[in-house]
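Should a chain be cited, it is by its letter among A, B, C, D, E and F, assigned in written order, with residues numbered from 1 in that chain.
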Amino acid sequence: MIGLNLQTLVALSYFVAATLFLLGLQRMSSPKTARSGIQWAGIGMVLATIATFALPGLHNIALILVAVIIGVAPTWLWGKKVAITDMPQMVALFNGMGGGSAAAIGAVELFKASSGGERPSDFALALAAIGSLIGAVSLTGSIIAWAKLDGRMDKRYTFPGQQWFNAAIALVAIVCGAMAVHTLAVPWIVAFFVLALGLGKLMTLPIGGADMPVVISLYNAFTGLAVAFEGYVLGNPALIIAGTMVGAAGMLLTRLMAKAMNRSIKNVLFSNFGGGGSGGQEISGAQKPIEAADAAALMAYAERVVIVPGYGMAVAQAQHKIWELAQKLIARGVKVKFAIHPVAGRMPGHMNVLLAEAGVPYDLIADMDDINPEFANTDVVLVIGANDVVNPVAKTDPSSPIYGMPILDAVNAKNVVVIKRGKGTGFAGIENALFYADNTRMLYGDGAEMANALVSEVKALDGGH
Amino acid sequence: MIGLNLQTLVALSYFVAATLFLLGLQRMSSPKTARSGIQWAGIGMVLATIATFALPGLHNIALILVAVIIGVAPTWLWGKKVAITDMPQMVALFNGMGGGSAAAIGAVELFKASSGGERPSDFALALAAIGSLIGAVSLTGSIIAWAKLDGRMDKRYTFPGQQWFNAAIALVAIVCGAMAVHTLAVPWIVAFFVLALGLGKLMTLPIGGADMPVVISLYNAFTGLAVAFEGYVLGNPALIIAGTMVGAAGMLLTRLMAKAMNRSIKNVLFSNFGGGGSGGQEISGAQKPIEAADAAALMAYAERVVIVPGYGMAVAQAQHKIWELAQKLIARGVKVKFAIHPVAGRMPGHMNVLLAEAGVPYDLIADMDDINPEFANTDVVLVIGANDVVNPVAKTDPSSPIYGMPILDAVNAKNVVVIKRGKGTGFAGIENALFYADNTRMLYGDGAEMANALVSEVKALDGGH
Amino acid sequence: MSDGFTALYIFMLAAIAGHVIISRVPVILHTPLMSGSNFIHGIVLIGAMVVLGQAQTTLEQVLGFIAVVLGAGNAAGGYVVTERMLDMFKSSKKPEAKA
Amino acid sequence: MSDGFTALYIFMLAAIAGHVIISRVPVILHTPLMSGSNFIHGIVLIGAMVVLGQAQTTLEQVLGFIAVVLGAGNAAGGYVVTERMLDMFKSSKKPEAKA
Amino acid sequence: MAVRIGVGRETAVGERRVALTPETCGKLVKAGAQIAVAPGLGASAGFIDQAYVDAGATLTDTPFADAGMVLCVQAPSPDAIATLKPGAVLVGMLQPEADPVRASALQDRGIVAFPLEKLPRTTRAQAMDILSSQASMAGYKAVLIAAQLTPRFFPMLTTAAGTIRPSKVLIIGAGVAGLQAIATAKRLGAQVEGFDVRPETREQIESLGGRFLDLGVSAAGEGGYARQLTDEERAEQQRRLAEHLRNVDVIVCTAAVPGRPAPKIITAAMVDGMKPGSVIVDLAAETGGNCELTQPGRTIEHHGVVIDGPLNLASMGATHASEMFARNVFNFASLMIKDGALAMDWNDELLAKTVWPPRPQSTGETP
Amino acid sequence: MAVRIGVGRETAVGERRVALTPETCGKLVKAGAQIAVAPGLGASAGFIDQAYVDAGATLTDTPFADAGMVLCVQAPSPDAIATLKPGAVLVGMLQPEADPVRASALQDRGIVAFPLEKLPRTTRAQAMDILSSQASMAGYKAVLIAAQLTPRFFPMLTTAAGTIRPSKVLIIGAGVAGLQAIATAKRLGAQVEGFDVRPETREQIESLGGRFLDLGVSAAGEGGYARQLTDEERAEQQRRLAEHLRNVDVIVCTAAVPGRPAPKIITAAMVDGMKPGSVIVDLAAETGGNCELTQPGRTIEHHGVVIDGPLNLASMGATHASEMFARNVFNFASLMIKDGALAMDWNDELLAKTVWPPRPQSTGETP
């Protein structure tokens, strides 16, 4: 049986910490318990850290303390006061630090072996090297991601054959790594780390800002793996478990995020590989798609939502679903209104007929004149199957057939989500500038189906059903 | 690094099997992948079993083969031909076998230690004993559960102070176990096993047939734990992982099942403890509640569903939700009809007005005369807020104020689910015999809310949203 | 890796994994899942095989034999029954069609 | 327990647990979860502490020092940011009210 | 002996309904009865003679001759009654007390009359309840008339020529006709309010998506029954109602008290306060109307407010109203027909309490 | 100089609408115009004189005197036209070609007439489009008339007196009036079908929950426009329509071809085949009717089928129809009023293409 000596106590703490990490992550995966989740994990972290000080045979305690303080103090303060909108780049930075830490641990192990300390198994050394490679890539890659998101660097650096060049660098780094493990010669080790650090930078440079969240998530998973590998080398199960878990969760999360953005991971990483692909989507003024889940979240956490129905809602017979969506939002405390344009649909009062059928109370229905000044204060406008009646061209382009028609100024809202099946034009048969606006996202699909999807997603936010 | 000798190959197989078990269980937890889940797990099982034969130092191979065949052949055939409705008791029986197997392993370990073989650590021996205890309880308990469900035993054996008696037996068994581990004397060991086997039987005898599924699930979790403990003793991680996983999953499942039946586990196990509690629910002819999830599953997997709306649907203004539910069911391939009784509601055509408002097509609406002969072929009747119009008393009790009124013969259907807020009577102010029928379950709550819950649950069956 | 904890870690991880997997399961799957996990602990069979394979005294052989028979029954019966239960999800019509 | 496999088992279990936990997560939680898991791998800190604690050469000390600083930054920053992100779920109105 | 059932053309002015449809004719024939109908019987309700013949009836100009049972919507004229077989059974909306001549004609001839409007409104009687079935049609048609008379849209319409606000419709009296009126007005997209003195109607009105007009004066007495209001309370209620009516576009009145003249709810002064172009359709006109100004059978204008007092609204929907009426009558007649022959079971309270003149032994029970 | 706008009482028989409501009156006053209205102007549409006065108008018996612009629903009589200020602007549903006397009266006086029914139907013109706004009301009222005339319920009703099947309603022509009719009939619970020759109406009908009546003969030609049917195809179509009409309870006809008599779609033979009690409301009566038997302005019965040919349906909903009409007129008038004074911009195609007689320079464009 396990004697209760100090060593065991530390091991027990690690065990508890690992358990808390797992449970914390689980709690973080549901909106209701998310806040307690990070706290559980935090307790685990503190416990493990304190316990480590009690490890027998630990030297340089003062140095460690200083390092911890240097590490904690600024990041803590910075994290406290950074603007909510700047958080994604902070995550990138902190993640890079973790990767760097793992890489440094790997470096120490390699150098230690090189200087003839107790040589770990080849397997362990190889893991140390792999962990270092991944960690180093994560470190420099995350720094680039941070710089781009923070607006300190905004061009995409691309040159022909870049992907091949990067692949070559990666290959050379791996070779160096293998040599380093094999020969344990310092030059190999140094070359390996230089290349690994460079690789992260090179990989990230060509990726556009819009894809950065996916990349950060990927590097997050990388860091997790690196930590796990170094954990194996150090024989520390807390590191192995936490790292592996984050690695696996992070990979999945990356895939989910990419999917939510309608991209594949491959696409994100190698978007200009071969020149083809969906790179064209980045051009300014393109229609930007959105997933139902994100549109739902946008509305669910909004204060004011205006729904603009048009002929497409009638065609899709989506009125019941849209009203259900509105009710769900209202139940969450969102202020919802319906804005009917005078000529929406194909007959006077077309939308009224449908909304009445669905049971929308009259007091939620606003006229164009009443609602137009309100759009500026509106968080999300949901346009379902309306086209001409929200087309800003009616105001800006005298040559347009709809020039002079008053429109619903949906374009003034903070966000616009447009549900339509595809690139179909409206009655007037003209392009709609709203669909290309910066604040507009397109939710492609049949009106009824998309409305249904939105309802489901809003429900999911309420925790399942 | 791991050399590829036979021992390693077997260990690798065990690793793969454990992984397959985990992934299989995960797949089994969603309707879409459930079937493949059991197959994955099956592959893992076959792999592990075959690999075991390759273990170096395994004797009695012929004996093992014979035992395997004796174990597999009859259960396989039996399992193939047993009626679907008899499956729960089969599960009980097979689970008992697993528990018995674990107990037997524990017994061997104890006897081995007793006869002076290589003595494992105290800790391991204690685990072996605990595993044996749990396994033995699961064995005899499951057999009783099987007998009750299979109709071979239907009384509940209870006597005053039974729970105290059982508790005493349990205590004595634990003491014997401790002594067995400590002294390794055969009498203690034998006494321990006898008591353990008896305990399982005693614990299960007083539990009523309706609660059996919960009990079986509990014993299932028990067996899992027993297997995990014996796995530790044998140093076999596949057993540890599979056993622990089943133990944890089984405990949770037991809780979920109990919740779905509106019972707590404690309630199930010790329902006559102290005489109080909700034991009264078992009296024949009571209103039997149902959870929305179960009602939804009932309908989702039905072939024919008839919805009977009444005044309560109008009061709750649940027509839109009910139509949405019907649409969801129809999309799953269920045949859905609405049956309107001539005097449902409070004015002629009351239900028509509401169903038309919700957009129910006329051809789904059936008259009383058309639908009444169909009820016998109907899997589920969903009665929402109707009362008098489905009250069989109108046919059976000449003294009733509604005697002679033709009614919808919902009572003839295989299952009836009734949505109403509570025990309120209808217009006629009388009790409704339908609500007490064997095949009727009550879904208490406001019509709109319950309809909403049903929609959500049916959606959940479709895999999330 | 501090050795005494290995089993503990595996215990903990397997328990959490099992728990998480089950935590969001539709009611309709309760019984099949019970049956499926019942099958999985049939893995006790390989433990029983090892025990019987290493049995020396007759008592050990008898007990080992029983253990193998029971374990094999658990595994085989559990599989068949679970598969039959889950068959109902095969015929289930594509729910994505119009959900 | 065949020793070489212990780490493998833990790897496998932790990976599956991580995967299962994330598999049914609402989109709204993607970013907080990324941040939260970012915090969790801040546990690298304790590895770094051990390394620094056992460092002998100056190079090892320097690298170890860097490792600890970075790891501590990862953990501390990750925590603060995640907690702030998750704060938005505090103010969220009771959704059970009329859902 | 098979009973012979005769059905003649309705003779009351404006009556388009019939008491026998080809469908119920067929059912009675199947029950063993012989049916004689006057040619052109169902013409005004859309049922052609051939359909009756196909259902097994014989056409004859003297359907009453020899008929053991006669079915009608409104009572035949006294002259026609005099041609009935003495002791024959007569089923319909007879209102014997409304016309002394009719009453004595019935008594003179010894007719066993069943004025269906007297049917006790028990659960079992619902299938024979002509008041309910005809009130449904009346409530529906009344709203259509109102929608037609009002110079407005009922629904809200957002159009290029501005937004049309939905009409405010108030239904007074939430019995069968009133509820049907609420449902119909709601269907047309109006903003609908209902008003009644019985407190349970609140839930019923809301169950149709209408709003209950609460005048702030509760008439709920003990045991859920309405209590008499004090004069003060009544005055306060009237004041509030008058105030409310200023903003109402359409009123449909359906309030009634069984066996008594309709309660006067809307005074002339209230109408004066209403907007020009408003419309009142007073379905209670037959018993005097809920509005003081109502002139039964006429449409008048009072300071720009149109007040219509339609009579026999159900007859406007003659086809469906007849279908329901005929089924009611058939269900009632079935109580008396066993194996094709007439067989009265005076223990059946529906027969005993409906028959007129009241039978001696049942007098004690039916006050 | 502020323009003076005059509005007189409508003199056409049965015309209850007005071209100016207190609301638009106020808007015009705000735009700087002086308004003179005849007393009692809005009475028939529910607008009282005081409201106009409150909105800034002056009451006068001679509103046309000195008026630079005159607004009307239907054209004033030739006599009244003769009292207009020479060169005055006249806006309304003038139909100058319909009456030669009126035409010459307008020309003699040099009136700048804007017959709004000629307005090009561009997107920008929608706010002035009286055809659309009035057709909405007409389609709505036509269905109410039909619902009133039919001896049936529109909706399905399951009652103690049996189940009432919903009425089958067919709307012919799915323009503005037709679509509104479909929506209204649908609201009332009928089973609604729509029929039109333009293929894009299928989607529009379905978008209102109606069914498109497909007679199996496609008239879809090249480029989405309807093509001429061959005689054979036409005969086949007619045969199928006749067959279909046997089971239809109510028909509302709204088919029209601009500037031409209404297409005759329902022949007498088809009507013969319909069930007695069926109803046809022919909203196209004004231009001759879609049914051969329609007699404009009258309700006739033909073999038990009631055929109504209502005229000026929009006038029945005078209040709301006037609101929309007046807003249309106001929006149009606004094109000509700058800073309160009359200012014609003949480059505006809406003015140039609407004015009558057509202006020389624009003649080439407006055939």
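Following the convention adopted for this analysis, a contact is a pair of C-beta atoms (placed from the backbone, for glycine too) under 8 Å apart; a residue touches a chain by one contact, two chains touch by 3 or more.
Predicted model, so just to flag it, every value in this text is computed and none were measured.
**Q** What's the fewest number of moves from chain C to chain E, given that each move must go to a chain touching the current one?
**A** Between chain C and chain E, the shortest chain-hopping route counts 2.
**Q** Once the contact rule is applied, which chains count as partners of both chain E and chain F?
**A** Chains in contact with chain E as well as chain F: A, B.
**Q** Suppose chain centres are the mean of their C-alpha atoms. Which chain sits farthest from chain E?
**A** Of all chains, D has its centre farthest from that of chain E.
**Q** Any idea whether A-E or A-D has more C-beta pairs in contact?
**A** Of A-E and A-D, more C-beta pairs in contact link A-D.
**Q** With chain centres taken as the means of their Cα atoms, state the distance from chain A to chain F in Å.
**A** Taking the mean C-alpha position of each chain, the two centres sit 56 Å apart.
**Q** How far is the middle of chain A from the middle of chain C, if each middle is the mean of its Cα atoms, in Å?
**A** Roughly 37 Å, centre to centre.
**Q** For chain B and chain F, what's the span in angstrom between their mean Cα positions?
**A** 68
**Q** Where in chain C do residues touch two or more other chains at once?
**A** 1, 6-7, 9-10, 13-14, 16-17, 20-21, 24, 99
**Q** For chain F, write out the residues touching at least two other chains, lowest number first.
**A** 126-127, 132-133, 136, 155, 157, 159-162, 164, 187, 189, 209
**Q** What residues in chain B touch two or more of the other chains?
**A** In chain B, 14, 22, 26, 236-237, 241, 342-343, 348-349, 353, 356-357, 359, 457, 459-460, 464 touch at least two other chains.
**Q** Specify the contact topology among the chains shown, as one of line, ring, star, complete or other.
**A** Chain contacts: none of line, ring, star or complete; other.
**Q** Report the complete set of touching chain pairs.
**A** Every touching chain pair, ordered by label, is A-B, A-C, A-D, A-E, A-F, B-C, B-D, B-E, B-F, C-D, E-F.
**Q** Contact residues on chain D for chain C in the complex?
**A** 1, 6-7, 9-10, 13-14, 16-17, 20-21, 24
**Q** Residue numbers of chain F touching chain E in their complex, please.
**A** Per the touch definition, chain F meets chain E at residues 16, 43, 45-48, 126-127, 129, 132-133, 136-137, 140-141, 144-145, 147-148, 150-153, 155, 157, 159-162, 164, 184, 187-189, 275-277, 304, 316-321, 323-325, 327-328.
**Q** Give every residue of chain D touching chain A within the complex, in rising order.
**A** Its residues touching chain A are 7, 10-11, 14-19, 21-57, 59-61, 63-90, 92-93, 95-99.
**Q** Okay, in this complex, where on chain E does chain B touch?
**A** Residues in contact with chain B: 122-124, 126-127, 132-133, 136, 176, 179-180, 183, 186-187, 203-204, 206-209.
**Q** Per the contact definition, I'd like the list of chain A residues that touch chain E in the complex.
**A** 340-344, 348-349, 351-353, 356, 359, 362, 365, 367-368
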